[in-house]
Amino acid sequence: MRATPIPEAMLEPIHDPLGSARDAIGAGRLAEKGLNVRHGTILTLEDINVSFDGFKALTNLNLYIGVGELRCIIGPNGAGKTTMMDVITGKTRPDNGSAYFGETLDLTRMSEVEIAQSGIGRKFQKPTVFEALSVFENLELAQKTNKSVWASLRAKLSGEQRERIDEVLETIRLEGSRERQAGLLSHGQKQFLEIGMLLVQDPQLLLLDEPVAGMTDAETEFTAELFKSLARKHSLMVVEHDMGFVGSIADHVTVLHQGSVLAEGSLNDVQADERVIEVYLGR
Amino acid sequence: MTMPLNQTLLARTSAKLGPRLSIAVGAVVLALLIALPLLHLTPADSAFHVNAYTLTLVGKILCYAIVALALDLVWGYAGLLSLGHGLFFALGGYAMGMYLMRQSAGDGLPAFMSFLAWKELPWYWVGTDHFIWALCLVVLAPGLLALVFGFFAFRSRIKGVYFSIMTQALTFAGMLLFFRNETGFGGNNGFTDFKRILGFDITAPATRAALFLATVILLVASLLLGWKLARSKFGRVLTALRDAENRLMFCGYDPRGYKLFIWVLSAVLCGLAGALYVPQVGIINPSEMSPTNSIEAAVWVALGGRGTLIGPLLGAGVVNGMKSWFTVAFPEYWLFALGALFILITLYLPHGIIGLLKRGEKQ
Amino acid sequence: MKRRPFLKTTLAASALLLSGLFPFSAHAADTIKVGILHSLSGTMAISETSLKDMALMTIDEINAKGGVLGKQLEPVVVDPASNWPLFAEKGRQLLTQDKVAVTFGCWTSVSRKSVLPVYEELNGLLFYPVQYEGEELSPNVFYTGAAPNQQAIPAVEYLMSEDGGSAKRFFLLGTDYVYPRTTNKILRAFLHSKGVADKDIEEVYTPFGHSDYQTIVANIKKFSAGGKTAVISTVNGDSNVPFYKELANQGIEATDVPVIAFSVGEEELRGIDTKPLVGQLAAWNYFESVENPVNEDFVKKWKAYAKAKNLPGADKAVTNDPMEATYVGINMWAQAVEKAGTTDVDKVRDAMAGQTFAAPSGFTLTMDKTNHHLHKPVMIGEIQDNGQFDVVWQTDSPIRAQPWSPYIEGNDKKPDYAVKSE
Amino acid sequence: MTTALYRLLFALLLCFQWSSSYAGDAADFSAANSSKQAKLLQAWAAAPDAARLPLLESLQNGRVEADSNKTPFYKTDTGYQAAEGGDLEPVGKLRKLRLNNRLRGLIAITMASHQLFSTDPAVRLLAAQELQKSAKPAQLQLLNERLAQEDDADVSEALSLALASLQLIDSDPQVRLAAVRLLGETGQPLARVRLERLLADSNETDAAVRTAAETSLAQVKRRLMIGELLGQAFSGMSLGSILLLAALGLAITFGLLGVINMAHGEMLMLGAYSTYMVQVMFQRFAPEAIALYPLVALPVAFFVTAAIGMALERTVIRHLYGRPLETLLATWGISLILIQLVRVLFGAQNVEVANPYWLSGGIQVLPNLVLPYNRIVIIAFALFVVVLTWLLLNKTRLGLNVRAVTQNRNMAACCGVPTGRVDMLAFGLGSGIAGLGGVALSQIGNVGPDLGQSYIIDSFLVVVLGGVGQLAGSVTAAFGLGIANKILEPQIGAVLGKILILALIILFIQKRPQGLFALKGRVID
């Protein structure tokens, strides 16, 4: 079955109906409205080093992602892909180096929550959804809104928000499982639900860790369509092993090896690179 | 790591089933609980008379039920197993006890201080002769302690078993502190021999009835509050927090605030339960803080069914009922029964009695 | 269909609540009910279980002689499980459900304090058999254990005497609860009155269940360098073993620094290796080793009873001071009921005044006319390696109790007769 | 040569005088009341006579009994022998001569002054040392005489010290000065008090003596200080070693397997009860080898607790891997059952576990520092168990398997590691080590059903603080907590010290959560 193209309107960001009253505990300092992308780069990683008990996971990593770009990251196991995502989302602090979201937000100084609120969304390698909640409730929680304690105590879904969730449900083809408990979904469905949760979160930058693992071919194809359509409005960074999938979506590919960038360029360029061939096939 | 609790919340269940029946049954229980203290006021030789023994026993169990509910809010919903709720319960009890001691002592010092030759009240006793301030303390003492402990614990992401062990150590430390005579709370003897509350004789039937009613009101209020919370988005965030905290953080929620809120709320509920418990049973002493008591409360919740609102109440009732019976019938075997209960619930009844009833329903 | 679970749960809940409401009560026509309120489980079971058995034995004995007022006594045993609020609850149960004529029970002060309001409210009668700190005199309680002046003060007088080693310095070591605190306060005042200066008195408290006595023993050693020192120990049961072991291992002997204990008796010694303790002292009002016909008979009866009832450790059954006090208490109550001709609490209370009983201690004990305490002899015993005590000193005659110690400020204004606390 | 001859003569005399000339001392003593007995002893101490040695020895051993005529008899292994000699038969019932602590003290002094005449220098040395702390002014002359006759250097020194305490009130300032100086050389706590008295009451008139006393006092204080500090360090180490033994088993079950074993304390308790059982067996079947029972108890306790641990793992814990909170509740239930089981089987009372002679007493290192043997042995034993555990985990097949399973269960299973059996063995190992800890604990404190309860919280704190899965961390944490406790205890008391330490642990975990999560790494949710 071919994927239906996604209507433009669905991907339009919906503005926070409650305004940007982010005064709750640990709320973000800045909303994405003010994100400064003057130079066209949304993410800047420079000279990042991370080591775990002597093991160097990242060494002098430099990476730039442009606004609206769809970047694929490939690399053998242990190349540092997930660690890099951990650094961007604030889960791991680099030993040194700088990480900027836009021109002004220093990711190394922000907490995970602040980073998430400032507009970076992440999908985990293993699909993680809230298993005890229904599909709808999963999306409701993820939806961009005021996420402070007090707000959630009083929160009521507006019609607009409900519509938005319904739209996304349709996009990820889970409209039939709306009230189903997320824990009961299949692996692929969970993957989609998690992507859907990213969509309602409406981030500027999406980090996706192996999004098509465990999907059927048709689902993979559909996902590729989805990502490509997202790319214009959002920046995406996709870590993937499936070269077919990478080839179908990426205009730009980065190869990581032993914690730093080995090669960068179009998929064809990269695949022709001697060093990359050696890394993948050599040993 | 996480065990999905496929338990549908009572809130949701009752929303779906025709609410009339559940309201009817609830009303019957409530009516019984309200009738009980009124029957206590009948003359002693009346056929319907309910004696003070029964009233205080049921009152005590109701207080425990509130504790179970409070524990369930943090454990069943937010996934934080506290083994230190006895501390909050006791703190509330002590705050109320301070007021009761002052009432008994009149203008002088409470008895335990005067025979240890203390000349004046320690600073933290200031104002405890006013009921209003005592009430504030009932809320503030457990609340502030929970706030401070929770702030540090949640900030450094202590969770799961570590959290349980830390809370256990906390209540243990509290117990040691209150056992000291120099701490100024009567040491091992704690507070006893209360005479009056708000000027009323504490042993008068009307006072007992009023205290009992207050407990019923607090229980109903806690249930309503729990129900409201479970239905709100807040409740869903807590459930999400329990199952996948990292996911929640990457959705932009700060778990600390949520945990702190429910943790403090739960502590305050415990404190209030403690405050009602003390005048009814007539004594508060540090053994209420012993880790064993707190862990027993966890069994009430586990037995009844965590993540539900009625479950903990059932659990508290069943375990305490069993305890009353066992300690009379076979005092030696009570610990065997309690121990076996712990093991069997965890092995075979992960959803407690409520889960059992549900399963029976499905088949 | 979905209604049923909720219905069921609610029903279950209400059934549970109801079950507590209407407890059954049995009616036995020709017996007098007697309550026994001792912990049979939990931490205090160690000490209290034997008191329950002693009470049952005494009741059997009275029944064998024809009971009281021609009626048999019917013991009602409940287990408050070392849980203080439960003491009050069970006490209330005994008085309101079982309608007992009298209760024998409690060990710790806190359990007594917990039941006291219940007994005063319902005008019950409680016999309390353990030595305690005094500072209490309720009309609803008869105290058959020692007040501080019947144990602590004579013990210190002994230590200060030549035979006791003419101690000049005193190390007061106790577990941190009310009994040691109050006792030590009384002792300090008493020592002051004997001219002992504050610098020669050291007061140290340890928490319950303390087991590491290294620092404290080192302190005792340091303190004892300053002159002939005696340790007065109000250390609670379990902590005594590590304390004495540490003393012995650090080379402190009873001849250098004698330790006198107020809470170590035959029952406590039963479970420990007494070698390190030999020569240390204890003060009580009764020891199993006392030699007189009444005691011989008493000990024999107890051993036979323990064997007959197959009590745990029956082959090593011992008697001790609180057991004797229980025995004396029950017998005196029976005599008082006979005298009053009724079990009515007020009448029995009046009849109790001045009752006498030839006790196993070898003395005829008298219930004081006014203050609800027994007149008791005081004995100092030395621990032997067989777990028994060798009496090294005793008073010539029983001493009257002073529940309101004159050494505590303000007690001179307290009346020496029982009044309900207000 | 002359002294040797003199001694020989003395010894011979002793034999002759045995039953004749001093007859009457024993009878006097047994007939006297206690204050008179004290006077007798004091008199004897000032004028020793070898003939009294049998009497004194018998008194010390509690073997003197009197019949109803107050005729004294010595109790021997076979029967009774009249103390005054002859073939007297006891009249009426024999009763042990009642002594009190004062008399016992006096007997010790009297004995010591008699032993100064012994031919064995070691005995004389002990006697002189005893007199150092207890010599009475009446013995001044005796001591002077003995000192003059003494040829052994050590005994001389000990005697002069014993004399020095008495000479502080000598009328000759020179003698006092010498005595003061001599006292300064010792680190005796008694010397400090004596010197302080000299200064405080200003009853010393001679300025030179006063200055010397000040110097000596400072000297003594310094030595005492050293002893105190060492003592504190030792007690910290000792407490640490106990915590370590209590926590080590947990470091395996919790640290490696991730099982929250609340019944861990009961494994300690069962280890202690195994020790008790072994002791009972020895008493019944091999009373002559009783001193060896702790050594036999070690393997017994290890295997008993390991077997119980494995049984629990198979029946309960196996079903709960990966559900730590449930494990916590279930094992708490197990602990309740085990406690009650022991109560039913052995009674609620504590049971009697006696230290064998080689674990009783202590070694005198400094005048104010005695290190008890049982504590020394336990410190060594704790270290031994740590080394053993380390070897087991790092140098054996089982250890390799355990580490493999704990790091990646599925992978290990794929490699053919029987994960089920490894879990069982590892849990058994942890429980067994707890059993070993129980043997050690039985030599320090009570053995009762509640033994384990008092260690469980401390054990968890040690493991958590040390870093889960880190053996070295547990060792550091245990000794750290032990020493911190012992430093705080004299300052603020045991309770506040403990509370403060709990608070510090909570704060410490703020700073170094690695204490909690030992291994850093990429986090997979």
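The letters A, B, C and D name the chains in turn, as written, and every chain counts its residues from 1.
Going forward, a contact is a pair of C-beta atoms (placed from the backbone, for glycine too) under 8 Å apart; a residue touches a chain by one contact, two chains touch by 3 or more.
Model, not experiment: these values are computed from the prediction.
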Query = Which chain has its Cα centroid closest to the overall Cα centroid?
reply = B
Key: Highest-count interface - the chain pair sharing the most C-beta contacts   = B-C
Ask   = Hey, how far is the Cα centre of subunit A from the one of subunit C, in Å?
value = 72
Remark   = Chain-centre distance (mean CA atoms) for subunit A and subunit B, in whole Å, is 43
Task = Could you please state the distance in Å, as a whole number, between where the Cα atoms of subunit B are centred and where those of subunit C are centred?
result = 34
Request  = Specify, in ascending order, the residues of subunit C that touch 2 or more different other chains.
outcome  = 176, 205, 207
Task = Spell out, as numbers or ranges, the residues of subunit A touching 2 or more other chains.
result = 91, 124, 128
Key: Shared interface positions of subunit D, touching two or more other chains   = 495, 498, 523, 525
Key: subunit C residues touching subunit B - in the complex, by the definition given at the top   = 1-14, 16-23, 40-41, 78-79, 81, 83-86, 88-89, 92-93, 96-97, 108-110, 113-114, 116-118, 121, 135, 176-178, 181-182, 185, 205, 207-208, 408-410, 421-422
Ask   = Of all residues in subunit B, which touch subunit D in the complex?
value = 1, 3, 81, 149, 152-153, 155-158, 160-162, 164-166, 168-170, 172-173, 176-177, 179-180, 244, 246-247, 291, 295, 298-299, 302, 332-333, 335-336, 338-343, 345-347, 350
Inquiry  = For a test of understanding, state which residues of subunit D touch subunit C in their complex under the given definition.
reply    = 34-35, 38, 98, 100-102, 104-105, 108, 189-190, 192-193, 228, 231-232, 235, 238-239, 242, 347-355, 360-362, 364, 368, 370, 372-375, 444-446, 448, 450, 454, 486, 489-490, 493-495, 498
Request  = Spell out the part of subunit A that touches subunit B in their complex, as residue ranges.
outcome  = 24-28, 89, 91, 111-113, 116-117, 121-122, 124, 128-133, 137-138, 140-142, 144, 147-149, 152-155, 181, 183, 197, 201
Key: Residue ranges of subunit D in contact with subunit B within the complex   = 260, 316, 319-320, 322-330, 332-337, 339-341, 343-344, 457, 460-461, 464, 495-496, 498-499, 502-503, 505-507, 509-510, 513, 516, 523, 525
